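I am attaching a structure below and will ask some questions about it afterwards.
By written order: A, B, C and D. Residues from 1 in each chain.
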């Protein structure tokens, strides 16, 4: 049955991890990818234990990513893993990706791409030099209604974009959760593992990515006010940012991990000269369209909703009214990534729709955003320019 | 990697089918089941073609279910399929299930369980006699918030149940879609393949199942008015039913396939002496709770929402705010089914939470409902009793 | 300042009443009507007390409606009341209206029009004979979005109407509130004051009226199951009804006063061959429009929403986004009634839009509905015909 | 019937005006105020014409506010107007208020209070010196659910406030409407009549007022980026502002008149250490409450919702489920204003709940906000302090 499935390895994602299991489910959903090996923890014993719990044969569970890349590279070509999924805390994204590329493995990485902007730029050069395929799981861009939103803006249906409001409120870090031993909170609030930002690095960058993806406009300047509301916490758990975009658009981005009651409220509104739109991750199957001098419309996904763009339809699995959600959107990244890799391995061309998954450029933009908003927040100067990438 | 995975075969679900692919994705999501063989069409050539497209080796793609059951039964025990997923049009659900049971295969069947109530009763006897595991994909009961609703009612939080309103509006058959060659519309409106009802058989029975599942109350009497609004159509495409339940509760069930604009609007409201609740499939991650003399609450799923019941949490994969939807709910049936089968094969006991998937009793109830509402609709007598099952 | 204001008297609406104050606010909002006198209670002392509390001069507060009509008729024409607003419990609607008409006063009555269908028919004859203006406060038809809904159906935008679902859930009588001395609950559950029905008479009839008003189709047959869920209560507090309409449309009407948590949830959905629509009283400023093969739209009221019908715009006071609600809808009935009466008194013609307020025909239909559903609920016969009116 | 009614005069509000009619309806709703005279336009002929159309006797319609104040002051005390409602464009708010106070008339003014901050400070001194009653129609604070929100925060139910997001998107000025002769657009975009800001002066200040009112926290610093998106327009039609509040809270305020499709979308979210809340003007009868470690609740107004605060209940007229909206909220300001004035005139004490309407301090804060955000937008300095008022 594994005929035609791509063989994936995984770094990270051992017991207690959240995102590792998400990557496993997302990669499995469409039957195009098979997870064949893993280094599930930097601790060898825990890696072995996790691998066993996941049902892997012992010889494909490794004690470290270095060991895994070496051993897999030594396997027969038709057996060894073809790409690696990196689901570790931020600090190791870069070294793992670098090592994978150096051994000829394609890469699918959790975001942010790296620990620093400098690393991200270096990684971009490595990816380009290697000629290997690199994907980055800015998963919220995988939703069909996000694709539809982007398509409509690309086609000019909103006119010239003037205003963008993107929000990412959460409340799960409203208390000192990291002191309770909760693993997710632990590393995300730890500068040594998360980097220079918690809130902006973890979720602000998703908001930035979503805004740039949907509108096709780059942020050019930011003015940020980050905050740390839980006493003793070392990194930001909240932030408000004024944005300026290419072509004169203006906007606001705010993200929070201390907004009690907010679960995972990423949402975006975009307004142009001819129309506007609104999308919310919590109800991802609705896209509200505003029109100058006409009533609003609400679009929903579904293969039989013939008025949807090809981009949206390509990323739907079910007929209208059968809601798809977080895992399906995440799986769309894996599916498009896999389709492209299949095509590449078969010496064929992939389509534009298949190529539509986040990559290293999104990674560099994301790191540039994180570094710039952190710097801006500490500055008395009103506007800081986003570095060119 | 297939260590520990249950081996599933599939009957039906070839090209152009909707529900077959749903079963495949749902069974795959949690990595507990592997599809190893199939008879994807009653037409041998189409079965082979579909099997090839799906990436199956030729020797595990069969021209008929009879052939498949025979051949698989002859394979070594550690290789052959362990259960069959039946995803054909209604007319063949019974003979396929019967044949599978007779060869010792466990069964997971799409609904309705059979073509007639008589068949359903017969199937119940066969299942009981065989001692094999039978599941029925009344998939809407797989949603976490449906589990929560049921749990609250079981625990008496709504008091005595008085009123139940369950609706299932769709609009996809508002025109004569079957004349266009659309496969789904074709068989569902054809008495020879769908049975005595289209709307009630296809979706009314989901509504009936959901109402009985959530409230724990059986429907005792019905008074139905079915309608056929598209000229030339032979079966009902709409229906309104007054309901009486055990313990004096009353209610309404209405379903429609001609309600233009409705996508897949299954929803339910239940009111008791102490509270009420509302759930809608289109926004499955909300459960509205009404309380006597207190403001309403809205519950959402998510592993970190500690106030949820064990039943709800058992059927969540993600933290709060990361929406799960149709496929995840469907997969919950497969996961629970698989957990029970794993336990059984290992000689262990499964838990109550694992055993919580629809089975043959739901199948008999469903067929009883279909037959009774069709009879009621043709009757001048106001109330018809639901047969005891 | 009272130049040009119509002079209104009121029967009922003393202290502790709910609907009397609603009528007062609604009649006052647009500055076209002045309340000049009242018989606020059938108890003379209470009437006087209420009148004083409301700021009326003692000589215009009466001890009974008979006294009021007599005294007012004796006043100079430019001083005496011109029409009476009847806001008493159901049992006296008819005698008060009859007396008013006999003295030459125009009538605005709370619903239901009378205590029995026979009275309603008699009242219709009296109104016709008198040539006076009669209005009935089926106030939910006063909402701009209800007007829009009706207009669209009249213009054929939904095609032929096939299915109608109208609901009116409330929860305020889920407990034995009448035993606590609550005035509203007291008379509504008392057959001597409310008539043969509580739930259907109080709110079921609003639902019936709304459905017939919006669709322009009359109900031809009903099949009802009323229930009384609070022990000791003498009248229905819940009811479910199958409906058949002219031109083959079918539907469901259900109303409840024991649906805990529901506040005042009147809502309607209508589906035709070309489209559908949905409106809910709790969010009255939204009208959802469904279209065959196009995404749904949501309409909102507002003078600047140029795509709205004249009927909707005529009943808006504010620009878009400035919500109008219950009192404004109620006031639309009074405003249209007053415009017509002004025109009539000035010997001018009123417009179709002004004439659009409920009248005696709605009253007769309402009483016919109440009597038929009560009879149906007690009958073993499935369908009862609505009497012709 | 005018016994006990306060006599109001009006300046502005002639034909074509929007807000004048709003003030008239709002002041009329509760039957406590009678409009007795007006200077409806600065153009004498138009004033007379408007007055006649409104049904006023000629001798109480004046050609200018100066004339009105003089003439009314000369009338017998029991006949002359007692307070003036000022509904002119911004530029004349101050001189009219000043003149009214100087003649001993109480004042109810549309916002913003004045044309400049200096005027506002001067007006504050005049009000204090006069001892007369001054109200300012920051009408959105009149909604029952806004009162509830404030009450909960005052009582500490949200804990310490950390984050505030307040938005006021509109779309009606997305095109060059002022060139079409539309009266509202004309003066609001004209610096000579509107002042130094269009968007921030017209609606940003409502957002500022709402945020400070609900949270009880003053804005201490702002960092603003205002924009003008319609070519040729002289004032801002959009703006984004970072906020810092007393006690360390942070926030965002953004307002827009060019966000196509947005009608009048004022909304606010507040998050504290123990809970959060959300309110939207478009659906004003919902208040969402978030709680740490408990599911969310949604509150609705209504006299019978016993869990509501006295502050909310004081500002409701109807039972639950009977929506009140813009005019009722507006009328709450007039009602409270009138209750206080009645009490004052009767030598009695008004209650805290009656005193809860916006006054001159809100006016000064509003002008300070407008001037500070305009200055901030032009500055390279990141943070500007709000002046103490």
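In the analysis below, a contact is a pair of C-beta atoms (placed from the backbone, for glycine too) under 8 Å apart; a residue touches a chain by one contact, two chains touch by 3 or more.
What you are looking at is a predicted structure, and each value in this text was computed from that prediction instead of being measured.
Enquirer: Among all the other chains, which ones are in touch with both chain C and chain D?
Expert: A, B
Enquirer: Name the chain whose C-alpha centroid is most distant from the C-alpha centroid of chain B.
Expert: The chain farthest from chain B, judged by C-alpha centres, is D.
Enquirer: Looking only at C-beta pairs in contact, point me to the busier pair out of B-D and A-D.
Expert: Greater number of contacting C-beta pairs: A-D.
Enquirer: How big is the gap, in whole Å, between where the Cα atoms of chain A centre and where those of chain B centre?
Expert: 34
Enquirer: Approximately how many whole Å separate the CA-defined centres of chain B and chain D?
Expert: From the centre of chain B to the centre of chain D is 55 Å.
Enquirer: Using Cα averages as centroids, what's the distance between chain A and chain D in whole Å?
Expert: Taking the mean C-alpha position of each chain, the two centres sit 44 Å apart.
Enquirer: Got the chain A residues that touch at least 2 other chains?
Expert: As it turns out, chain A has residues touching two or more other chains at 262, 289, 296, 300.
Enquirer: Given the complex with chain B, which residues does chain D contribute to the contact?
Expert: 289, 293-300, 305-307
Enquirer: Which of the residues in chain D come into contact with chain A in the complex?
Expert: 158, 162-163, 165, 167, 169, 171, 174-175, 223, 225, 227, 229, 238, 240, 242, 244, 250-252, 254, 256, 258-262, 269, 271-276, 289-292, 296, 379-383
Enquirer: Which part of chain C faces chain D closely enough to touch in the complex?
Expert: 1-5, 18, 21-22, 24-25, 28-31, 34-36, 54-57, 170, 172, 262-265, 281-285, 300, 302, 304, 317-328
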